[in-house]
Every structure is written in structure tokens, then in C-alpha cells.
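Supplied in C-alpha cells, the structure appears directly below.
Order as written gives the chain letters A, B, C, D and E; numbering starts at 1 within each chain.
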Amino acid sequence: MLRVENASVAYGRIMGLREVSLVVNDGEIVTIIGANGAGKTSLLNAISGVVPLKSGSIWLDDRQISGLPSHKTVGLGLGYIPEGRQIFGTMSVSDNLTMGAYSECARNRLSTVGYIGWFLRRSTVQSNLETVFGLFPILRERLNQRAGSLSGGEQQMLAIGRALMSSPRMLLLDEPSLGLAPTLVKEILKLIVRLRDEGLTILLVEQDATAALKIADRGYVMERGRISIEGTAKELLGDDRVRQAYLGKSVA
Amino acid sequence: MSADQFVQYLVSGLTMGSIYALIGLGFTIIYAVTRIINFAQGEFVMLGGMLSFYLISAAGIPLAPALILSVLIAAAIGAIMYIFAIRTARRASVVSLIIITIGAAIFIRGIAGVGWGVEHVRPPYFTGSESISLLGAYIHPQALWIIGTTLVVVVLLHLFLSYTMVGKALKACAISPVAAGMVGINPRAMALIAFALAAAIGGIGGVVMAPSISMDFNDGFKLGLMGFVAASIGGFKSPIATVIGGLTLGIVVSLAVGVDWGPFTSAYKDAIAMMVLLLILIIRSGRLSAEERES
Amino acid sequence: MQKYLKWSVMLVLVVALISLVPMGCAQETVIEEGDTYKVGAVFDLTGPTSNLGVPEKNTVDMMVDQINDAGGINGHPLEVIVWDTEGDNDKCALMATRLIEQDEVIAIIGPTRSGTSLHILDTVTTADIPLVSCAASIKIVTPVGERYWIFKTPQTDKEAITEIYTYLQSANVSNIALITDTSGFGVAGRDILIADAADYGLTVVDDQTFDNDDTSMQSQLAHIGGTDAEAVVCWSTDKESAIVALDMQTLHMGIPLYCSHGIANMAFITAAGDAANGVIFPAGKLLIVDDLPADDPQKDVLMQYRQDYEALYGEGTMSTFGGHAYDALSMVVIALAGLDEGITLSDARTAVRDGIEQITYFVGISGIFTMSPTDHLGMEPGSLAMIEIVDGEWTWLK
Amino acid sequence: MSESILETKSLSKAFGGLVALDKVDLAVEAGKITAIIGPNGAGKTTLFNLVTGVYPASDGEILFQGTPLKDTPPHRRAALGIARTFQNVLLFGNMTVLENIMTGQHPRSRYGFLGAALRLPRAHREEETISLNAMKYLNMVGLGTYATQNALSLPLGQQKLLAIARALATEPQLLLLDEPGAGLNKLEKQELSDLIRRIRENGISVILVEHDMPLVMGLAEWVVVLDSGQKIAEGTAAQIQKDQRVIAAYLGEEVE
Amino acid sequence: MLARLKGKWTYFVIAALLLFLILIPFRWFLGQYTVIMIFIGLFTMVTVGLCLLLGYTGQVSLGQAAFYGTGAYISAVLSKICGVNPWLSMLIAAAATGAFAYVIGYPIFRLRGNYLAVATLGLGVIVYILLRQLGPGGPDGMAGIPYLSIGGFVFDTSFKRYFLVWFFCLAVLLISQNIVRSRTGRALRAIHGSEAAAESIGINVDQFKVKIFVLSAVYASLAGSLLAHQMSHISPGSFGPLVSVIIIVMAVIGGLASIWGAIFGAATVCILKYELLLGFGEWDIVIYGLILMLVTIFMPEGLFVRLRELFGQWRLRYAQRGAEP
């Protein structure tokens, strides 16, 4: 589904990514793990078009998407849930979800200037909304609350919900567990599995390597902008190098 | 000061304030979406007023279509300004972008001066010139048009921002352009819309105020300055805050004239308005910085 | 150490070069027979008072063509170099310097406003070149001892105010309210209005101001409405005066409005619409030239000027401000006509100054001038007429 | 037990309703390397920000060398001898590498506007000392050859070293390092731990917040563990590694 | 700039520039530009202050003309009405303006970014109104301000004043250059780089902001006094809010973070306005606006900085070519 070929990203003279290549197949959960600053977020930013590539290419199915700005990749079915969630804090929960459907709206230009209720009654938007409420009933209760006033976990749900509103075929998740209580982390991870089961392809960036590898099909380990190890989740879980890098060698 | 006079000060202040608010709205919209202070905002107001006169008197177009056409032309000029001057300047810092808008303002003013000459012009009133008595004060029909238009514009703007997708997208873009991009909103398209919209609102302001003040090619700077102050009092936040800012400014200026300040004369009214602005800013900064540090 | 060595070597070099500079090598320009007489002008062609400056430039352009078509001045073609001040003092000073040093003009006319005129007095005086100002303030030419090189053509504020006050006195008005702008014109007028009121038995019961480019004067007028003023005197330019007239109509003030000579153009009537009716102001006789008796000495000059100007620039475009430039340039031309051939530029400047000072009974647009070493305005009294706007037309209140 | 250079007593910080730090008592021994660890959002950076005075504490107090720090503004604390680095480095991008470090000498020099404007002899003298010291610190972190480059042109690892050198240039008694190892490769991490040891040998107490366990375990003589704003454990590296609560909170519940 | 021009050419370049500056006012050279050069010198002084404030410290001020004005007015009033020696009144004006900036500096620098811009603009408007209302002569301004003189040597011609102004201007530039390269200059740039980091290494951010604000006010005041004593007439129109905007334009065109760029900025604007565009008649401000936009769009880092870059590239290429056998 997604192919990244020799992608490099530079911030000024600093290299964020160095010739990274990876593949995500249909219906897989692929996780990218690595220490802070290893280039995981740069990779997701590059795929979604937030930062431009210096060299290399990125393909979604058979379409080259490198060079497209993020607002275009969303329209092609890439939902991005960035680190720190990036929800619209001063807007209401329902507005955040509505905005999630903007790419749907942009496909049909007329509806952008029309009455928003009319737009929301479109069948795809309606069914997406139902899906989101099905996954996160709490959001239905919080519909009119300011998004910024939600708790961390609820904000994460909203961020995922917002991405689902664009009817994505693939989700890019950046550290969904960041700052969440352990029980919530578990819940989110379960949800990711559930989304995969419903047909979505998922690329997950996590620091909590063990947890991520538990649910993933395959994984890549990044170090200093490069992919250093790749393999199935099982292989990686058993790989001493991974355990060393994450858990410290003296951990039992 | 008698009660009648007081009402008159309020009425006059509201009229002036509505003008400042209409101009301030343009500053707020562009600032919210792009973080640019658009020094050419006053020029859009001037364009609206001058265009309406020349369309009516020179081109002989009837009033209503002429007004609409003036606003549309102003909006188009705003869009052109964004495309050619702002979007081209990719590497520019915010200060540089502000200088670009100053350049654009001088350019527009210059073209207007060359094209229309230096004389001031006054388009006809929309309806009648007989003023209306109101609670012991008088109000000109055109002033009612000004106040009414401001209300309609701010209500429409509010509805637009709250009940259409593109309006909400503008808001989203104002909160975070990066996050807006991630849900499929094109921040540049939003900036274009913001410029066109601000220019249109500026044009509307020019169109409604020109019959009561007469307009010349030089008027943009002072009008822009007052609109900028109105937007600052409102905190560049929302259309409604800006309108409140504009009305506050108008009433402060009007009362500064009306109240006998002892040694002060009406000559200091603008200075008093600026003092109010400084006080508001400094008081608010105390609160803001406390909030910033806490979050 | 080496650094300091190099610096000192450099300094020696510089000093040596400077000492080689041939000082004062400039050759004084001489005006030969048939050479163009160059006159400079600085007007506000853009900026807030450009509606005064533009008719001045138009008038000058028109006159230069007329004079050159008629063979110039004693065979010398006339050239007027006009620079725009943008209403900016510093630019005005720079342009004046440019006229003096680069363009090498014999005399300068303008600037348009009192503020800019006062600003360049020092520049002009130290350069020894005559200036004929087109601005109102009497301060421009007094004290005459310090204003050796300076003349002016428009009626002063004081004369205009005398006309208004005399009229008010005859109309048995005793309480007046002032509303003036905060520009130089308005403030100068306000000072005289306040100082002179008592001489005519008038009491100033309210004194309001506004800024140029203000959008409404209603608050000030409402304040005036709270007093027992019987008339409002407004001292400002046409645009703002029109707003005052309109706002007085809106507030149903019901007392007459008297304005300055600053509204002596059609733009005021257009801007104020029917609120202009009943407004009374003093102005040069140009506006009511049709009503002038045939024996008025200015009648022919005024008729000719209006006819020429409107033929070139369109019906209803003439204003008294163009007239100020007409008078200024005419006086310079009279002085130029008396120049000897083959004199140096600085001698020419002195001669033109002397020539202007010796002008007697020149009939101009603004009035009739007789200059003298003690009077650099030299306008005979009675140059102003009180005018009322009736049905959108200027009517002479004889 | 030797004296504490830094103590916090019941230190708390709340942002709006969110409690970021909850009654934390700390005693940092002088001359030692202390590590503060904990999962994301545990309050480590908040603790640094309170100690350096970026924001005021909601409750409790901070003692530096026995003196309470209440109401002391950040720049005074730096002058007193508390220096720090930032998670996101925050170098001065408008300066060269050397200038960045020279700026660090700010609290150790005196001359002001007049001295600078007129290049008084005193300014000259101080400026010489400043550049000498700056070169010293630059060489200490091994960046001597990059002195005239723009600070942001360095790779991340060297930027982090530069940030440490800048902090050292303030001649602190206490150095707070916020995730110095993040984004560094093995070799760089090795250099970093050598550097931190050398700093300690110069008599400077070091507190570091770090995610990289091998680095922490190899360096720290005392480890404090924070979780959700509370101190849940402290001890030597060996003790911490055995603590079940720490393993649960920090390393993930599912660790066998 | 001087530091960048290392090598054998340095002294020749400096000598040539100085010689050029010295020769400008001579009639046979570029004498006709003397007065423009005087204005360039004055505006450079004001602009340098803004460069220190905006370019180095990152704090915007849209009210520099206010200090330019107070400097001119205080000095004019003292010397003309109170009969104080003009040099002394210049000094008092600078001190008073500095004190004024200091007093308003602390409340105003609690604001950041655009709010700071608005507040300083408001300050400029207030001072402008006060000058019009309270300044002797009102909006028409005051005349008869005495010239500066040393002993019996009166600065009464453009030729003499040119050297006086440029002496002050170069002194201000040198002083600023020294400050920029000092402990203080580093502190200022640190504040621009990151206020948090600056505080963490012991820099008193608020105090430095106010101090540099005061310095920029003193520069502007000196320029204003010089203007007053040589035009002999000043009026509030020279110190209005629009002038503050022009000063910002000069600073940006020159290149904000560059002391010597201030000359370029002031020169570009003055030469455009007072010389190059004169021939275009009423089209002049159209072209001025266009040039302003184009320069900022294509050289947002400033004309001077861009030219310096190009010069650097050219030298590099030259050096490389020279290195080849």
C-alpha cells in the first residue's frame, strides 16, 4: 500500500532522515520504534507531506505522493494523527470532527460554502461520524465541549476520530500513548488493532517499544535518521539489540 | 452635559465606532489566518469609497449594482495582492511581510491618485438626507446604514465562520495551519480567502462611509490606523471582539470630545483614545503572560 | 600594531588627497542673451493638501505656455521647474535646495502651505534667492527685516477673519462658537479668531477642534449645540468643512455656518451638497467675477484667468489657489522683465528680489499689490468679498 | 552524608487543573551526578523549570545551597550558580559556536554599555578573559575546530555538547541537563558520559533528566524516579533497576 | 562589515569609502547631493537604533519618530527660548529622551510581538499630538532655532553641516558596532535567539530590552537635535507616525541585523524619494511602492545583507579562480 524509497529530509543543514526505505502492506500494522530524535516523526511528516523530501520518493498504491502538501495526501486516504495530537483546542469537539471531514468536503467544492448541517447529512460523513461515535462513545457526550478542555486521553480519541472522519485507507499514528495513563494506553492499542481488523492499514510510531511490537505485524527500528533493524514483530521482540537499546542491558 | 447631548455623543460615537469596526474586521481576519498585519487594509476602504463614486457618477451604474461591484473589485484587488505580493515572498519574515503590505498600500494609493486625481468625491446617500430624531439626538440615515451594515457584516461573518465548512476551516487555520493541513485544509487557499474577504469588508466599509465623509485617494492611512487600533483593542481575536473594540474606540473618542476635560480640548481626543489603548494592552498583557506561563 | 600602522598610512593618504582638492573651483553661472529664465516652484502635488497644489501647478503650466507663445520675456524663454513636496516639510526643504543648487533657478514660487513655507525660509534666506510664497500665514513675511528675500501673494488669515467678524458684527451676532482643524491652517486661524473676537463685540462661547481626515464632527457640534452660540465659525479646508456643514444639517443646529477662504472651490459645494446652502465665507473676487461691476480694476484679469483656466482644465475647475500661483509667477515675470543681459545668477536673483519689491499697482487674481521694503505682501484692502452659497452657487453679499 | 546543594520541600506545581508536580521532596547531594527518570509527562521538565525559575511553584519551596529561591528571577539564579540545558537545545542561531559560549560567560563578566561602546580598557580585558574561557569550554566539549561556524550548522549531537558548554560557561555549581542523550549515537553518548563525568570531577553537581537507560545507569550515582508528578522511588542505579514499581511505571507493565 | 573584509583589500576599501564620503560635498564632485546626504546621515542614526532593537534584540518599535521628535523639540526649545547653549541643549535633550524611554520602557516591554508594535505606534501618535498641541508654534512649528557652532565657527552651510552630521553618524555607527560585538551585543542577540535560554544563562531579559530601547531613543534624539539646529525650523510633521513607518522600512531594506545596513536602508529610501523618482511626476509613489514590495519580496533579508552575500560569493569564485594554475 505504502512504499517509501530512499527518502531523505533535511532541516537546513541537519539531516532528519537519511535514505529511509520501507513498505507497508494492505491491512498491516507496521510500527516504527526508536529513541527520541531518531527521525520517526520526520518520517511520518515526510509521508504525509508536512515537510518536503530532499530526495527519494514515496508511493501510495501506484501513485507518487512525495511532493504533495499534506492537505492533498489527506484527500488520497492518508489520515495523520500527529504527535501532541494537534487538535483545534479552542473549537468544539463536534467542530473538530467536522473539520476532519474537510477533505471530503473539498472534493465537492460547492459544499464548502453551503450550510454546514446540509454537508453533515451527506451519507459518507454521517456513517463516518457513526463509526467514530461507535469507537468512542465518550465523544458523543462531549460534543459541545471545547476540545482543549478534554483530558489527555479524550483528546487522543478526538485526534483519532478526526482522522477517521476523512474516510482514510491508512492511518499514520505518532506516539498515541504519549502522556497517557497505562490503562488508557492499553485501550488505545486495542483500538488500533480493531481498526486494522476493520480494514485499515496502520503505520504506528511508538516509544513504548514492547507495547507497540505486541500488536504490530512488522516493525522497523530507527536510529539517527536511518532504519537500523527491520523484521516481523516477533523477531524484533526477541532481538537483543532492540532490548538493549530500549530497556538497558542490565534490565532482567 | 445634558441628557440629549449625552445621547448624541453616544450616537455619534457608535457611528464612528462602526466605521472603525468595519475596518478593524479586515485586520482581524488577515491577522488570524496569516499573522500578518495588513497595512494596506485602509486602502481597500478608500478603494471601496472611490470606486462606488466613479461607478455611479462616471459609469452611470445604478446605486445597488454599483455598490456591489465596488466591493467585488476591492475583494479582487485583495486577492491579487495576496497572490502577487504575499505568496511570492516565501522566505520573508513577518516583519518583511508587513513591509510588503506597506509597499502595497503606497502602490494602491499612488495608482488611485494618478487615476482619479487628488480631489475628494462624495457618492450620493443611499436613502435621503433628512436626519431622524432619536431620544433627543439626531441620526443621519446614512449613519443608520453604517451601523446597520456593520451589524449585518459581523452577523454574516459570524454565521459564515460558524455554519459553513470554509468558515470553520478559516478558524481552524487560525488556530494551527499545520493541523489544518493535516485534515485536508489548504492553508494558502485560506490565506487567499482571508485577504479577499478582508478586502471585501474594507470595500463595504468604504462604500457605506463615503457618502457621509467624502473620500480622496489619501484617506487610507488614517482610516487604516483607526481600524488597526480597533482590532488591537479587540485583541485580533474574533469579529465580535473587534466590533466591540471599534465601538469602544468610537465612543471613547466621542466622549473625549463631549466631556469637558478641564485643560483638555477636543484636540486631545485621539491621544486619549491611544492612552485607553495602551492601558488596555498593558493590563491585558499582565493577564496574558500569567496565562501563558501557566499553560 | 601593524593594524595601527596601516590605519595611519591610510589617514595620511586621505588627508593628502583632501589637501589636493581645489577649493571653490566652481564657476559662477552667467545668464547670456536668449538663455532660458529658470524659475522654481514647490507645490503639494500629492499628500493631504494636494487639492490646493494641483491647481497651482496647472496655472503655472498654463502661464508658461502663454508667455513662451508670446515670445518669452525679452526674448528669453521661461521655464518653471515644479517639484512635489508631498506636503512633507523635509522633502520641501530638499526640493528647494535642489532648485537653488542643481536647477539654478532665479526665483522660487510656493510652497502651498504655511507650514512648508515657514520650514524653508532659512534655506532660502541663506541661499540669497527670492521666494514668493502661495501660503496664507502672515508670519511668512513678518518681521520684514528678517524676511528680506520672502514675499507672498494670498490674503492673510487676519484679513479673512476681519471680513467675517465685520459681517457678524453688522448682523448683530454676539456669541460665536469656533470649530477648527488641528493643521497649521486651522490653528493659525483659531489663534486670530480668539484674539480678535472682542474687538468686534463677539464672545467665543465654545472652541472645538478636529483632525484632518476625521470622519465625523458630530460630537464637537453637539457640544456647541449645548451652548448659546448664534453662529459657528469653521476654520479648515474644504473637505472637513463640508463634513461640518453636513453634520450641522444632520443635528438640525439651525444656526449659520461661517467658513474660511479654504473652501473657495467647487469641491466644497459638491461635497456638502444642499448643506452648503447658506454657508458664508470670505474669498477672492475670482468666485464672483460675474457679479463684479465693470469698473472693478480686477474684473478683466479675473475673467481672462477663469476663461483660460477652464478652457484648459474643464468647467468648474478653477479655484482661488491657482490664483495665488498666478500672482506669484506674474510678479516674478515682471521682475525678470527688468533684468539686464549677461549678469551672473546671483546678481539675477538679487535683481529679481529688488524688482519684486518695487512692484506697484500690479492687478492680480487675489488682489492689487504694491510691494515695498516694509511690506512684502502689499495687498490693497478690499481684496476679499463675503460670499454666500445659494442654491449651490456663489453669491456676493455686497 | 555530605550536604545537599539543592533541596525541594513539598514542591508542587499545577497548570490550571492539571497537577504536574505533586509534593516532591528532593535532596541532591553536592558533587554527585543525580538522574531523574520517569515516563513522559512525569513532571521532570516541570521540575527543572521550577528550579531555574521559569515559572513560580504553586506550593512548597526550593533551597539552593541552603538559601530559599522564592521570587528569585531566572537570570539571578543563573548568576547564583544554577545552569541548565534544554530538551530542544535552544542554541542562539544568530551566533557562531564560540559566541554562543561567550554569551554563557555573561554572569561572570561586568562591563556594560559604556564600556562596550567606547571599548574601554576594562572591556578589552574582560573580553579577552571571556574568549579565553570560552575557548577553554569549547575545547572541553571537543568542538574547538568549529568555533567560527554558525551554531545551527552543527549536527544535533554537537549542538547538544555546545549547549552544555554554554551552560558550563556560566561557571555553575549545579548543572541541570534535560535529556542530553536524546538523538545521539553510541559514540556520541560515550563522549557525553565522559564529559558529564569530567564535569563532576570539576566539582560541579549534575542533575540529568534522561530516557536512555544505559546512559543513566552507567552515570548516575543517585536516581530519582518520578511518575505522574510524584516521586515514586529513589536510590542507586542498582536499587532502582530492581524496584518493581519502577519497572511497572517506567519500563512498561508487560515487561517480564 | 569591516571584520568580514579581511586581507589586503580591507584598508583600501575603507580608505576609498572614507575618501568618497569626505569628497561628496565638494561642488566639483557630488556637491548637489550634500543636503540629501545630510538627511541620509540623520535617518541612518535613527535607523541604527531600530536595527539594534529590532534586528538584534528582536523587539519591534513603531514609535521611533516620537524620540526623533522629542529630541528635536527639547533641544530647540532649550536653545531658542531658554537660551541654553545648543550643544548643551542637545545633551539635555538626549538625556531627557533617554529618561522618557526608560520610564515607558518597563510597562511597554511587558508586551510582545504585534502588541508591542501597536503600543509603540500608539506612543508615537500621542507624542505627535502633544508636539502639535504643546510645541511652540503648533503644527506650523517653531523657527529661528540657533545653529550649532564651535567657538566662532558656525555650522551655517550645508557643506559644514554635512561633516557635522556624518561625524555624529559615523560615531553612532562605530559605537553600535562596538556594542554589537561586545558582551552586551551577545546578550541582545541571545534575547532574540531565545528568551528562555538567555534567562537561563543569567541575562536579565527585561532590563536589556529597556536598555537598548533607551539607547535607540538617544540615537533618535541626537538625530532630531541635529535636524533642529540645522534646519533652524522644525514642525511636528517631521515626526509623525508615518515617519516611524518609514524608519522601519529603512531598517528592513538595509537588513535588520546589520549595523552598516542602516546606511543602505536610509540611502535607498532617501535617494529613491528625493532623487531617482522625481522625474516620474505623479507616478513617483506608485513606483516607490512597487520597489518597496519587490525589494522586500526578493530580498527579505535586506539589500545590504544580500549585496554582502553576493560580494562574498564573487570573492569566493575569484579566489578559486586565482587558486587554479
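Convention: a residue touches a chain if its C-beta (ideal position, glycine included) is under 8 Å from a C-beta of that chain, and two chains touch if they have at least 3 such contacts.
Keep in mind it's a predicted model, so treat the numbers as computed, not measured.
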Graph distance between chain A and chain E, where chains that touch are linked: 2
Partner chains shared by chain B and chain D (touch criterion as defined above): A, E
Selected interface, A-D versus D-E, where C-beta contact pairs are more numerous: D-E
Far-end chain from chain D, centres as C-alpha averages: C
Distance-maximising chain from chain A - centres being C-alpha averages: C
Separation of mean Cα positions, chain C and chain B [Å, integer]: 35
Distance between the centres, which are taken as Cα means, of chain D and chain C, whole angstrom: 71
Centre-of-Cα separation between chain B and chain A, whole angstrom: 41
CA centroid of chain C to CA centroid of chain E, Å: 34
Shared interface positions of chain B, touching two or more other chains: 113, 267, 270
Residue list for chain E, restricted to those that touch at least two other chains: 132-133, 282, 284-285
Set of chain D residues in contact with two or more other chains: 54
Interfacial residue positions of chain E with respect to chain C in the complex: 11, 14-15, 18-19, 22-23, 26-28, 31-32, 34-36, 39, 132-133, 138-141, 143, 156-158, 231-233, 235, 237-238, 273-274, 278, 281-282, 284-285
Residues of chain B touching chain E in the complex: 31, 37, 39, 85, 88-89, 91-93, 95-96, 99-100, 102-111, 113-114, 221, 225, 228-229, 232, 236, 267-268, 270-271, 274-275, 277-278, 281-282, 285-286, 289
Complex contact set, residues of chain E against chain D: 175, 178-179, 182-187, 189-190, 192-194, 196-205, 211, 215, 257
In the complex, chain D residues that touch chain A: 40-41, 152-153, 155-156, 179, 182-185, 211-214, 216-217, 228, 241, 247, 249, 251-255
Complex interface listing, chain D residues touching chain E: 52-54, 73-76, 78-79, 83-84, 86, 90-95, 99, 102-107, 109, 111-113, 115-119, 123, 126-127, 130, 166-167, 169-170
